[in-house]
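Read from first to last, the chains carry the letters A, B and C; within each, the first residue is number 1.
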Amino acid sequence: MNHSSVKQSFLALFFGRLGRYALHGVEQVGDASMLGLRALSLLFVRPWQGKHFILQLYALGVGSMVIIIITGAFTGMVLALQGYYTLAKFGSESLLGAGVGLSIIRELGPVLGAFMIIGRAGSSITAEIGIMRVTEQTDALEMMAINPMQRILLPRIVATVIAVPLLVSIFDIVGIASGYVVGVELLGVNQGAYMAELIAKITMVDIYGGWIKAIVFGFMIGMICTFMGYRSEPTTEGVAKSTTEAVVVSSVGVLIIDYIITSFFL
Amino acid sequence: MIRGEQLSKYFGDVAALNATDIHIRSGKITAIMGGSGSGKTTLLRLLAGLEQPTGGHVWYGDEDLCAMSVRRLYELRESMGMLFQYSALLNSMNVYDNVAFPLHEHTQLDESVIRTMVAMKLEQVGLRGFEHLMPSELSGGMAKRVAFARAMAMDPRIVFFDEPTSGLDPISAGVIATLIQDTSRKNRMTSIVVTHDVHAGLAIADHVILLWQGDIIAEGPPDAIRQSDDARVQQFLHGRPDGPIPFSRSTTSYIDDLTHKPGTIRLQS
Amino acid sequence: MKAYRRIEMSVGVFVLLGIMAIGWLALKVGQVGGLGESGYTLVASFNDAGGMRSGGDIMMAGVTIGRIDSVTLTNNEQATMVLRINEGVKITEDSFASVRTKGIIGDRYVRITQGSEDTFLTSGQEIEETESAINIEDLISKYIFSGKD
């Protein structure tokens, strides 16, 4: 085998694999949305699953609060620190509030928030549903005349759609506040300037953009993570594999959708 | 009365069940027996409506299970119970809530009434006083008995048992077998038991169906099965390694594998 | 059941916190409703809006007194802006509006300079005297070409 044919076969292998991954990903997202929409179509079918929405909101929302607050606080703090030293070079430290606020509200809040929620709650959704499949609990529900799609998938999707925007908003506020603490209290930026520039530079469009991202991410996380669990191979490795896949696919999905939504808003 | 008509199920190209006709007698215990991979669990799942057949129909009276609305299917299932191979207890709930689950979901009964009913079911399986335990704290035999109590919670007319005695010690297996027999007789339940436990199957069943590679090879009351002169039936009943049912399913010869297949050890170079 | 009550309560607290965060973002940071519908509007036409967009600042004597509601093209040649002026700010009938730039390359804003009359504009009226954006490239090219003459 000569040199160029080695290179060629390597390239063919690389692009072949890339293509296969891409197709596989698209196919999975398609299947996931079909399953998610089927579950969502049961939203208004009796019996009403109110109690299970609350239970899932508890597991997902309340359970992710601490991690969201911690991530939000450190994100805001590091942004203030980095932003301050960059802006100080141009003598425009007063723009710190606007810088911190804009990056958090438009970008970091939704994306980092979504990542933390995927890691904290998404993976556990997939693992939980996967284990229910392995141990035939979903079949048991089915035999007890309870639709697992309505009882297991639906509340989790609804809960992510509701919880993600709420958690992201909390992330935003905590980030802005901790940026204020570092910028104003530690680095001595004028305290009026921080808030005034923040308010002046951030428009409602920026805030809507962040919320739309959060809602879309919530949908996507809910659909992909429930789908991966529901379709996981009924073995121990199957559940492990689909949990990993759920985290990878939804994280990459967040980044791709983030780019698409951002391009629409600019 | 439950009837399977020309039921077949394929997983890809592999047939788990070939166009099988089956007749389940009401109020009796039917045991479906066969080796691993003989299609018996598939048959049970088809009869319970947990899986759609590739071809054929499942008749409940004159209703086709496969063409039924979801609402009607769930209505029927309120009078069905199923004991799963690995118990399938809901692991987020304790024993009490597991057994009470169907009652909470499908009845408007007062909690005190439900408590009494759950206590009765648990007493029946000898586990009263274990209400507060979580499924992860139970042994396999106990979990199976709790699952039995849950399957019986709604006093079903039809109960499916998937390998009720597998993986249990002989005493626990005996307890479960006796429970199936007693409750079926007493409540005139239609029981369908899938098992590879020859001893238990023949002991409790009124009617036995023997499956091999997706086909029914023998059917009849236990005594008739015992006395069958079909060599395959005798091999299965007595657990002989040699007989018409092959031990392995290799299609190529051993020597061929060793000498010609690339990537394996070569005897000659 | 007691446990479920506690879960319900913590979910309630979580949702409340989330909604408070949403409300704070919308009202305090986004200023929705704060400047949106209050105040009154004036109209002004410019030959060149200089890329001014809705949401831009309106200033008088260096103080922000409102925001731009919309910028549209009228008669195929002029830029018409709807200016939303804060409540309590009175603008004389002979006032003067110009599109300015903060610094050399900063944001554009509309500057309003008061006139000398005693009558004030009311909602929907037009500021007649306007000055278009000063285009730096035009200035530079004018300077270069004037040198060649």
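Here, a residue touches a chain if its C-beta (ideal position, glycine included) is under 8 Å from a C-beta of that chain, and two chains touch if they have at least 3 such contacts.
Everything numeric in this text was worked out from a predicted model, so none of it was measured.
K.L.:
For the pairs A-B and A-C, output the one whose chains share more C-beta pairs in contact.
P.N.:
Taking the two pairs in turn, the one with more contacts turns out to be A-C.
K.L.:
Based on Cα centres, what is the most central chain?
P.N.:
A
K.L.:
Rounded to the nearest whole Å, what is the centre-to-centre distance of chain B and chain C, using the mean of the C-alpha atoms as each centre?
P.N.:
Centre separation, chain B to chain C: 74 Å.
K.L.:
In whole angstrom, what separates the CA-based centres of chain A and chain B?
P.N.:
Result: the chain centres lie 42 Å from each other.
K.L.:
Please work out the Cα centroid separation of chain A and chain C, and write it as a whole number of Å.
P.N.:
Taking the average C-alpha coordinate of chain A and of chain C, the gap between them is 35 Å.
K.L.:
In the complex, go through chain C and note every residue touching chain A.
P.N.:
4, 7-8, 10-11, 13-15, 17-19, 21-22, 24-26, 28-32, 55, 57, 64
K.L.:
Which stretch or stretches of chain A touch chain C in the complex?
P.N.:
Residues of chain A touching chain C: 51, 54-55, 57-58, 61-62, 65, 101, 105, 162-163, 165-167, 169-170, 172-173, 176, 198-200, 202-204, 206-207, 211.
K.L.:
In their shared complex, at which residues does chain B touch chain A?
P.N.:
Spelled out, the residues of chain B in touch with chain A are 48, 50, 70, 74-75, 77-78, 80-82, 84-86, 88-91, 101-102, 105-106, 160.
K.L.:
Can you check the complex and tell me which residues of chain A touch chain B?
P.N.:
131, 135-137, 139-147
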